[in-house]
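One chain, subunit A, appears in both complexes that follow, with subunit B as partner in the first and subunit C in the second.
Here is the complex of A and B:
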């Protein structure tokens, strides 16, 4: 049986994606909450099933074997798919209130203006009788090039096909998208007038007959102007669809602060989520221009068609839960960033989903979870027992640094290349994620004669396991509290953040830490 | 697709990302990079995290792609190499010219002795990543031995005998099933602008600042190594400029400048920073908040300065038009950073000729609807070769090209 891919969405990105996958013989299922789906693929070799008016209920399992439960008219639909791609459209929120305006026959949204311009007959168009059209964008909240692009295309049409005068009032003109600066100049040549505001803002008055009057001081000429547009077009804020929020909750996929279905984390470039085998593309993951959506669709197709097999490889040393020890407290279930813990009759690890970050094992209050080669004993065995680098008369502190493999380990390597001096008693211990560091690791290091212990982790928002660095900080803070109570110097322990390319900072951190330890002298726990 | 081979021209962000995607699909890659180091411009970029929080510039992702590339057995890396001839007869046949390999990567231990002993500044170059192997390279233009054999210190002092100053250039013939052009951009050279670049030591480019922050961690004035009290960033240098016929926004400079400005304020809060700009462009998902916070720390002036003069103690006088009073003001700064734009690669013409492709009027390769190559020619493009892109956009562009290549292989096999 061939692996199927499930696509959520009914917009351009979902359609590009479906077309792309079908053309290379993939089998797909498209689901949409819309009543109809007008997608009709050109010649293709794969199979397609379209489920309209359908909402997701649950998604269990892991990459290669997602068990999807959806509902349509209260009827259950079950499908098993290898991968899932969220490619929902975004949603527009009108910005009338930001400008103190109300929708009327002469105050419309950008989407309405676009729609009116799409109708090629023009016969009914309100633009026919108009002489002046004003676009308001980015005057209260920052605009976006995806919005500017639409405004510029609309202004160009209005100038050339309707022969009317357009004014675009904005603060920062957003042109950071392909071809926009050129388009900006084209609209200016066509007669569009751009009025930019820096420290001042136009005064926008809504009259009783719904007409709009705009007064402002032009910042270039310092002259006062009054504009009485026949039609005012108000920009919109692009937000994720309501269904996108449901999808991220049901799929267990992290969303960003605005609710787009992808955490704001560089490790998710381009279409990945925290859940292996679930991708996100186009306007479902961020505000995108048309070009961006085509690029995203190709990226999602690339992974879906080519790399699913690779993603299904089970890591050799995945997390294992000891049945006898587990008390079903669900700590692991709550904390696993990759949703690799499933609740069946008991708590189990989804083997394909585990990324071996070690957070569950470090946080399990019963010590019921083991990951081979990541247990405190195996990690600490990298420090020979009775190891004591202090041979000279002068005190050379023995420093154990637990370093995240994605950041601090790399930074140390670069520091070496760049010729930075590093403490001679520094022992770097690589861990897949600092979230795998538990009390036992840190105590164990002191037990093995460390004079100081560092945990060097990724910056906030840059953790591949989302929160691993936060857990590491919490663990260290708790141990420091304990040190304080028992009268052990808490300065012997430190947690700091780094990126893989921060060699200079790595050297500074460990050297400063060494200086602190020299000041404290040898650890009293030393044997 | 284990029998397929793709020739990638360019080992920067786009080339590396595409290579990683292709080998993940079991496709072989020959990655040809003209410079001595993989990673392109972006490998020299600094992490811009502020208050221990990632700001998503993507610089560390370039590092990761580079790391993945050098470790992969299916990627053959050709640094210091150029593709000189390409012919197509079913498959592509390419002639790759490799300049001499002076430093043996297997022997070099990155001890830095050659770099420290070399009497000529810049004659031994260094990489920016631990994955630049070897980490050092001989600069053929400045090396005294290559000029007149008057020096040989690096070779003599190398404890590993890793340096040979007499090797010959080599040429290879390679076959490929597809060609991906990812040769990147050329950072705008601001020498012709009235900003005193290369005349005043304390006028640097954004690229220079990236490297200073990456290597030194803190800002200093190049002229005297003192901490600058006042820094000015000037945006849109070489971008959005009709006189130069550069009718594009370089997209990345607002993000780069403001992120670096905040990073500097984070470590050296005593420094005053002013940013001269035209329009602040949106970057990153949390732009609204980021920009609000940035305005608390950085003075924003909406004006592009006319010119810059050096005054006493190599300070810099900037003339600009004040928006409120409409008078020309003068202000003195200790360091000026020019946010230079992304312009077409210098080799674009040559590469276009080599592969019989057409360039757009801008000098970039055509992209999107007017793509340079018809999908069935087997020639593809990725990254900033077709216009300004951020690191995330470049990675996405490489993914798209990889997908196009896969589809091309499928279509031509059936």
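Here is the complex of A and C:
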């Protein structure tokens, strides 16, 4: 089967991507809501189909076999593709209201200023008569390096070509992109004045004749200044397009807090989403600069090209649903962070999409889901039966710590390398995701003579399975509730979050926990 | 310097007035590493970052009249740490240079005037200087191992000329001995001059480049007359 990839988008990033994929010989489908698409590929070996004025309706299946349903003029379009890449453009929202200003002849947006500066004739430019131009950015909402770059370029032009005095009023100055520090220096050399606000904010007054007066205290010199700009330029917030927001909903792909098509989760960077085979690149995931967009497109194309290799073999160790046990409650469908549960005539797992996190198996109320080597009994077999260090002279608590492979296990390794002293009765059990820890795991550990059980997981927002750590916390909270009712010390159970580099914190956590358990004495459940 | 409640209208301020200065003050990113490293930070509210920023904004008169530029010791720690490589100490000198000479802090103003007139900050006559040098030399010669010690004055063709900080022939004569003992032990062929021996150059501290030139010129002149190759100028 030839690798066919569907690209959403019609901007530079989508076009770079299309070019890259075609050059590897892949077949592509470009879909856009635009009426036209001016992508003209250079010589290539792959085939290309362009669907304009088209919107996605649904996307079923999994990596290697996505079944796409789209609509164009109320007509259905169906395609089957191996991969999907979202490379939609973003939008700009002007920030007048954030600064209590209204658009007028002397209060304009950054995009307007850029456009005016593009006009090489200058003849009608409002900048010709002006003496002072103020840029307002990031004072109410965080700015973006791409916006900072545009402001700096504009200020540089105004200083050098129009001989204007420019002021850039900003909170944090976002210079964390390639070349921005150099550009900053250039603007300073040209005479732009930056006023940075940390603890205070400027007072911006809009007068009846639309003119603007700004009063502020410069936080470095502690002096009060009054500034009457001839033109005020307000910054813009970069937001995802409405269609991109639709796409993330229809595709079942996690979006970040601002709605961009990628969760703000380190495990997804650079171009991945929670759904295997669905990637996102460029503006869709809030990447702005031209260079970064090209890199993003290339990354997505690379991943896409390498994907086919892994698809020949159906993995055996993925989740499996026992059809006799399944009561179709759809808990797994609801909880799977990778959208690996498909609803066919019965509920099944898409093996290529499954990442073996274990959340479905832990949460299934019927215990109908099994993942090879991850069943409670295989995990608990790591705790030797009849193990009871209490028989030794002093009480050495036996502590079972279920540790997420991506964070706590790494932190423990590091703690050992750094020479931290760890409890001698600590047994670390590695699990792919703390979301795989069920009641059975925790009860099982107590049954096997644990004096205390810890669940150590990733920080919130850092979970590879997006919600696994939250499910783990819920599970632990429920068990603690039960402990309270039956009169068993709930202090014997703990759930805490860690990052992989937190060795010292790991040692502190387990040692503090051990101290608590020593205070409680041996568990009454011990045999 | 303290915050003023008076509002400054930026229509009245020319930010470009110091732009031609070669100290890169406009590159300041206001990171405050200078203020953090400055040993004089906080004395009378002294803050090198604020000083740099005021120059960059063009608010230079206020600085010229302020005590601040004279609190700075010109030690240069600030420029060592400055990520933008701003020449902060030279900037301070520049501000000092803009003050009316009569308003230069007393001791510096008088000392420099004395040095320009008489060759040293103390107006110490030549005979007194020679007397002090010989007196201290005799004291050194009384110490065991230094019996042969002599302090050569105006020795023609010596290898090394050393200047003298005026306090060493005033309140700190003991400190002369350390240098001299080292010279003696190293069998250095050294000398001091009976005139224009002043090692301090308060033209440097007052931002007076012309005065610095005069003081340095005199030393060079002495070296040429006495045919001395090397100079030790410990200031």
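Just so we're on the same page, the second predicted complex is superposed on the first by the 409 of 527 C-alpha atoms of A that agree within 3 Å, B and C clash if a C-alpha of one lies under 4 Å from a C-alpha of the other, contacts with A are read in each partner's own complex, and residues count from 1 in each chain.
In this section, a contact is a pair of C-beta atoms (placed from the backbone, for glycine too) under 8 Å apart; a residue touches a chain by one contact, two chains touch by 3 or more.
Just so you know, these numbers come straight off a predicted model, no measurement behind them.
> With the two complexes superposed on chain A, say which partner A:256 touches: subunit B (first), subunit C (second), both, or neither.
Touch partner of A:256: subunit B, not subunit C.
> Would you check which partner chain A:222 touches, where first means subunit B only, second means subunit C only, and both and neither mean what they say?
After superposition on chain A, A:222 lies in contact with both partners, subunit B and subunit C.
> With the two structures laid over each other on chain A, which partner does A:196 touch: subunit B (first), subunit C (second), both, or neither?
In the superposed model, A:196 contacts both subunit B and subunit C.
> Now for A:266: first (subunit B), second (subunit C), both, or neither, which partner does it touch?
After superposition on chain A, A:266 lies in contact with subunit B alone.
> Have a look at where A:143 lands relative to subunit B and subunit C in the superposition and call it first, second, both or neither.
First partner only.
> For A:307, select first, second, both or neither according to whether it touches subunit B, subunit C, the two together, or no partner.
first
> Determine, under the contact definition given at the top, whether A:185 touches first (subunit B), second (subunit C), both, or neither.
both
> On subunit A, which stretch or stretches are contacted by subunit B in one complex as well as by subunit C in the other?
The answer is residues 185, 196, 222 of subunit A.
> Going by the contact rule at the top, pick out the subunit A residues touching subunit C in the complex.
Going by the criterion above, the answer is residues 132, 165, 167, 184-185, 188-189, 191, 193, 196, 215, 217-218, 220-228.
> Of all residues in subunit B, which touch subunit A in the complex?
Contacts found on subunit B: 21, 24-25, 45-47, 49, 52-54, 56, 58-61, 63-64, 67, 110, 112, 115, 126-130, 132, 135, 214-217, 239-240, 242, 247-249, 251, 254, 279-288, 291, 302, 323-324, 326, 367-368, 387, 392-393, 395-397, 399-400, 402-404, 406-407, 410.
> Given the complex with subunit A, which residues does subunit C contribute to the contact?
2-11, 15-16, 19, 26-27, 29-30, 49-50, 53-54, 56-57, 59, 84
> Within the complex, which stretch of subunit A touches subunit B?
It is residues 20, 23-24, 141-145, 172-182, 185, 196, 198-199, 219, 222, 256-258, 260, 264-266, 269-271, 286, 291-292, 294-296, 298-299, 301-302, 305-307, 310, 406-407, 410, 413-414, 416-419, 458-462, 497, 499-502, 504-505, 508 of subunit A that touch subunit B.
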